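Every chain is named by a letter (A, B, C and D) in the order it is written, and numbering of its residues begins at 1.
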Amino acid sequence: MTRGSLVDISKLRVIFHTYRGTIKALNGVELWLNEEERLGVVGETGCGKSVTALSIMRLIEQPGEIIDGKIWFNGKDLLQLSEDEMDKVRGRQISMIFQEPIAALNPVFKVGFQIAETIAHSQNISINDAYTQVREALEMVGLDWQRTIDLYAHELSGGMAQRVMIAMALAVRPKLLIADEPTSALDVTIQAQILELLDKLVSVGKNAVILITHDLGIASEFCDRVAVMYAGNVIEVAPSQEIFNEPLHPYTKGLIDSIPVVGRAKELTGIAGVVPDLVDPPSGCRFHPRCKHAFERCNLELPELVQIKANHYVACHLYH
Amino acid sequence: MKLGSFILRRLFLMLLVLFGVSVLVFVIAKVIPADPVGAILGGNAPIDLVEDMKRRLGLDRPLMNQFIDYMFGLVRGDLGTSLKSNRPVVQDIANFFPATLELAICATLFSVVLGIFLGILSAVYRNRFIDHFARVFSILGVSMPVFWTGLLLLLLFYFRLGWLPGTGRLGLFTTPPAKYTGLYLIDSLISLNLEAFKDALAHLVLPSLVLGYSAAASIARITRSSMLDVLRQDFIRTAKAKGIGKRLVIYRHALRNALIPVITIIGLTFGGLLEGAVLTETIFGWPGLGRYIVNSLLLLDYPAIMGGTLFVAVIYSLVNLVVDIIYAALDPRMRI
Amino acid sequence: MGILIDVKNLKKYFEIRRSLLSKPTYVRAVEDVTFQIPEGSIYAIVGESGSGKSTLGRTILRLIEPTSGTIIYNGQEITRLDNKRMIEYRRQMQIVQQDPYNSLHPRKLVKEIIGEGLKIHFKMRPDEIYLRIKEILEMVGLREEHMFRYPHEFSGGQRQRIAIARALVLRPKFLVLDEPTSALDVSVQARVLALLKELRERFSLTYMFITHNLAVVDYMATQVAVMYLGKIMELGSKDDIFQRAAHPYTLALLDCVPSVGTGRKIRSVPRGEIPNPAKPPSGCVFHTRCPKAQKICQEKEPEFYELSPGHFCKCHFCK
Amino acid sequence: MIGTFIVIGFILIAIFAPILAPYDPIKPNLPQRLKPPSSQHLFGTDQFGRDIFSRVIHGARIEVWIIFLVTVISGTIGTAIGITAGYFGGAVDEILMRITDIFLAFPRLILAMALSAMLGRGLTNAILAISLVEWTVVARLARAEAMKIKSQPYIEAVKAVGASNLRILLFHVLPMCLSPVLVQLTLRMGTIILTAAGLGFLGLGAQPPTPEWGAIVSDGRSYLVQQWWISTFPGLFIAVVVLGFNLLGDGIRDILDPRLRR
């Protein structure tokens, strides 16, 4: 595998069974990253970015199902591992933080216990022994450990809860951290604090990061590369400066033309049409009904993600 | 809210409600019946008998005075005298209640243990054989009328097979144990009367089974749905992402959260047990409070009706109070 | 330009009672707010959660009753009008809410949702109502046949268009837009914002635009007020705020906005968390997080200094 | 599915009872007393020689009548009290909810027993008694719904457009409360039958010779050992019909709870 030394996802397909029919949530996702690299995954609601993250953790549950694809992580295909083997990957080699940090913490256990439990599992020691490391973990994320250790989730603010989640996730020194919209539920000043903290800790810990966000600004600032998803596909991947300054895919262009930027007066065009219903997605390129440049082939054939320039990939027939 | 002030508040509310309860009992017994004396004596009773009866019941006095007397009586712990037994109602209740309590405790133990166990298995092995079994078991349990299952079991195990005793708390030839608590199981152990213990236990099996089954069924249903609800929460996903394994996710992270709502249901179930006891006691000739209330209702024994229903409401409110306090103590979110 | 909305010393406190027996505490959601909205402007209220911006908007419309202060609409004080007399002003002052998924009655047809106000305010024949609804739907970019559908058949952006139609069908003068696009994806947000700009021109509307997104403010607003813990910290024209911001909190907010495509920037993020609005800090409410805080900031609440005409700032050191 | 079949079957039996029942359910026929089940008397006969099958079939009518009336009465009272308390809140809510608490302080059956006995035993009063117990369930639900709906943005939007409190309550809040209330009432129908049958069994509900199922079970008690059929068949009918309602209720709940969809 040449694309990414740490993670290489290919042809990942996930479906969800519902009363309305089968939702084709992921339609052959391609994604890869190297050790210590930060990859931003951006896209609008329902594009499949969170499903991709949960697939890596093998946390897709009924009624969802991974039906095809490979997720190479550190030389193993995660989709081939047994549940027990997978539990040695989760919380040891890959950690995850979520969008709603207060809901992500167990309401009946104290914060200290939940961190200790994570550490205990990753190091195969007892929870009591792990408590000695809880202080360090809390101080690492800038919390007053004596005060925080005995609190319950509902006694924390959103920002504090996300710090606790980060402490839990990074205390196990994972190779990869998956952050699923870690700041979307937070206020801008708190969001900036959390991102700054993550930036610092991840640099020190040399963790690779997959940051999932709908905010292109955050992805652009935090990540080395950005992957743009639309309706279950990765449609463009490029270094983060490049994707904003020289986007290739019509969807990426439309998205960037939709973002208001402070101090840069411009008209916002937006993208006409609506996101397709994934129970019955359009044939060929799933963006073609909304695309100004669509031609016949777009309706017939799903474009593959191909390299156009160094490190810049796009899935669009215009560039083939 | 501190737990202490929470308890105080609940106690205060309970007193308020209990005052309302006594008013309601008064209304039911004294205001609703159009012609209580006629109902007791029949329509053709001679006039002086009617007058006499009215005087005995205090019905010749204005309603307001009757109410005041009744409330003062309550405060002094005087519930009046039963028309049928001619004993103070308080004494009757003291005689009959231990039997009901013993039955309810046995049924509660049985139903809580079985119900929670089945409910958890059912949720964890959702859509597997054990889940289907548990769901059939519990939907039958909440559907079958208690008095009917009771009769059928009585027919089978007592009349046909003769394995278990049929009615009452003890066999005809067993001497009751010396009275300490009124609960035969405990009293017989204290007085080392093993004969009575075995007999009392045997008599308890069928009624507690009948009474406990429907309660177990509803607890199992609630536990299952509560557990399924918790298993969908975000923090369960976090626990799974930690890689601690399915067992710990379920038994450490999900179970404690799932059992919190189940606790409140146990309180409600206890109310169900009290009303189930009315039917069970009637079938099994159990000399308990439920049968006492039914009999006084059939005979329109006013003081007994008022005392009995009031007592049951007080017990039920107390149980719910205790349950609420346990709930608050278990759920850290209640202790803000 | 005249003043359309004139708010003086407006306060809104919410009472929180932990139990029947304990003493109530008050959340000061809006604390002594004074400002004017000129006719024809887009007046942005910016702030983080708990700043009281949304409460302010609702209080001005009297969807929530103010605790004290006055609200003058078009020269008429409406603070204490009774329900009957308030109805006429309800027609002129409308709102578009944040969450398009909950702001439309799920069991009513679009036609009923938009027509409700027409039935209350105008004696109109059904065919007139129909025409009015059709007309307004077309203006917000929907079609006549959408009238006979239920809200769940629409996407978020389309629902927000329905909500805009519901507000505009009454031909109001003043519109409170309460985070109208924060629940929408950016590509949809762009189109809704463009529509709102266009409609303002067309109907010469005045907007009060409530948001936490400074980039959207920069795109939309003519005037800006920055709120923190129930108080206005700084207000002025758009350029006053974006070019000449004086308050440390405004500066911090501007600094926290992620940049797009220009790489990482060094920022001065305010430390700590937003305090509990039930227990606001003494003196200047921002002092607990302010990089410039001095002793005086804990003790004395700063005045509202006028830095230049129309540019006000509530900070001891802003001069 | 099974639940729906049972409930529909139950209602059909009730409607066509006079056609389906081979004998008069009330008139005694002493020569035929206490006959075991046979081709002539499918479920046997009771101590007055009445055909149990016919009595059970006619009993379905009574149970349907009970369900219908209790649902209507308790639904109306409960909804009215519940949404008033929930929508207006404050002191109104406090008072109405304390009243509800008073009714909830009794185990249901015991309160129903007391009410039924004091009103005078009989079918109509039993129905009234059960309704007076059941309304609290509806009231609590309607209150919770009204409170939830009241704080929804679409209600605020209606207020912003200029609607009065009464208009909001009747045209916007009430319709939204109605469907959860109706669902809840459906879920309670099994319980209503059980309560009514319990009253009948204790002799505090429908009185003989009314062929109410619980009362028939009670009739058979003294003959249980030799003539088991008198009590068994009506009891079986209660169990099956309640099961039907419970299955139906579970089905409705699954459909309404989107999280359980798969």
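In the analysis below, contacts are C-beta pairs under 8 Å (C-beta built on N, C-alpha and C of every residue); 3 or more make two chains touch, one makes a residue touch a chain.
In this text the structure is predicted, and so the values were computed from the model without any measurement.
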Neighbour overlap between chain A and chain D returns B, C
Among the chains, which has its CA centre at the largest distance from chain C's?
-> B
Identify the chain pair with more contacting C-beta pairs: C-D or A-B.
-> A-B
Could you tell me the distance, in whole angstrom, between the mean C-alpha positions of chain A and chain B?
-> 53
How big is the gap, in whole Å, between where the Cα atoms of chain B centre and where those of chain C centre?
-> 55
Between chain A and chain C, tell me the centre distance in angstrom, where each centre is the average of that chain's C-alpha atoms.
-> 32
Among all residues of chain C, those touching at least two other chains are none
What are the residues of chain D that contact at least two other chains?
-> none
In chain B, which residues are in touch with two or more of the other chains?
-> 336
For the chain D and chain C complex, residues of the former touching the latter | 152-154, 156-164, 167, 172, 175-176
Residues of chain C defined as touching chain D within the complex = 58, 61, 63, 83, 87, 90-91, 94-95, 97-99, 102-107, 116-117, 120-121, 163, 166-167, 170
Can you name the residues of chain A that touch chain B in the complex?
-> 57, 59, 83-84, 86-92, 95-96, 98, 100, 103-109, 117-118, 121-122, 152-155, 165, 168
Taking the complex as given, what residues does chain B use to touch chain D?
-> 13, 16-18, 20-21, 23-25, 28-29, 32-34, 39, 139-140, 142-148, 151-152, 154-155, 159, 228, 232, 271-272, 274-276, 278-279, 282-283, 293-294, 297-298, 300, 305, 309, 312-313, 316-317
Quick one: which bits of chain C touch chain A in the complex? Just the residue numbers, please.
-> 48-49, 155-158, 185-191, 193-194, 212-216, 218-219, 242, 252-265, 267, 269-271, 273-274, 289
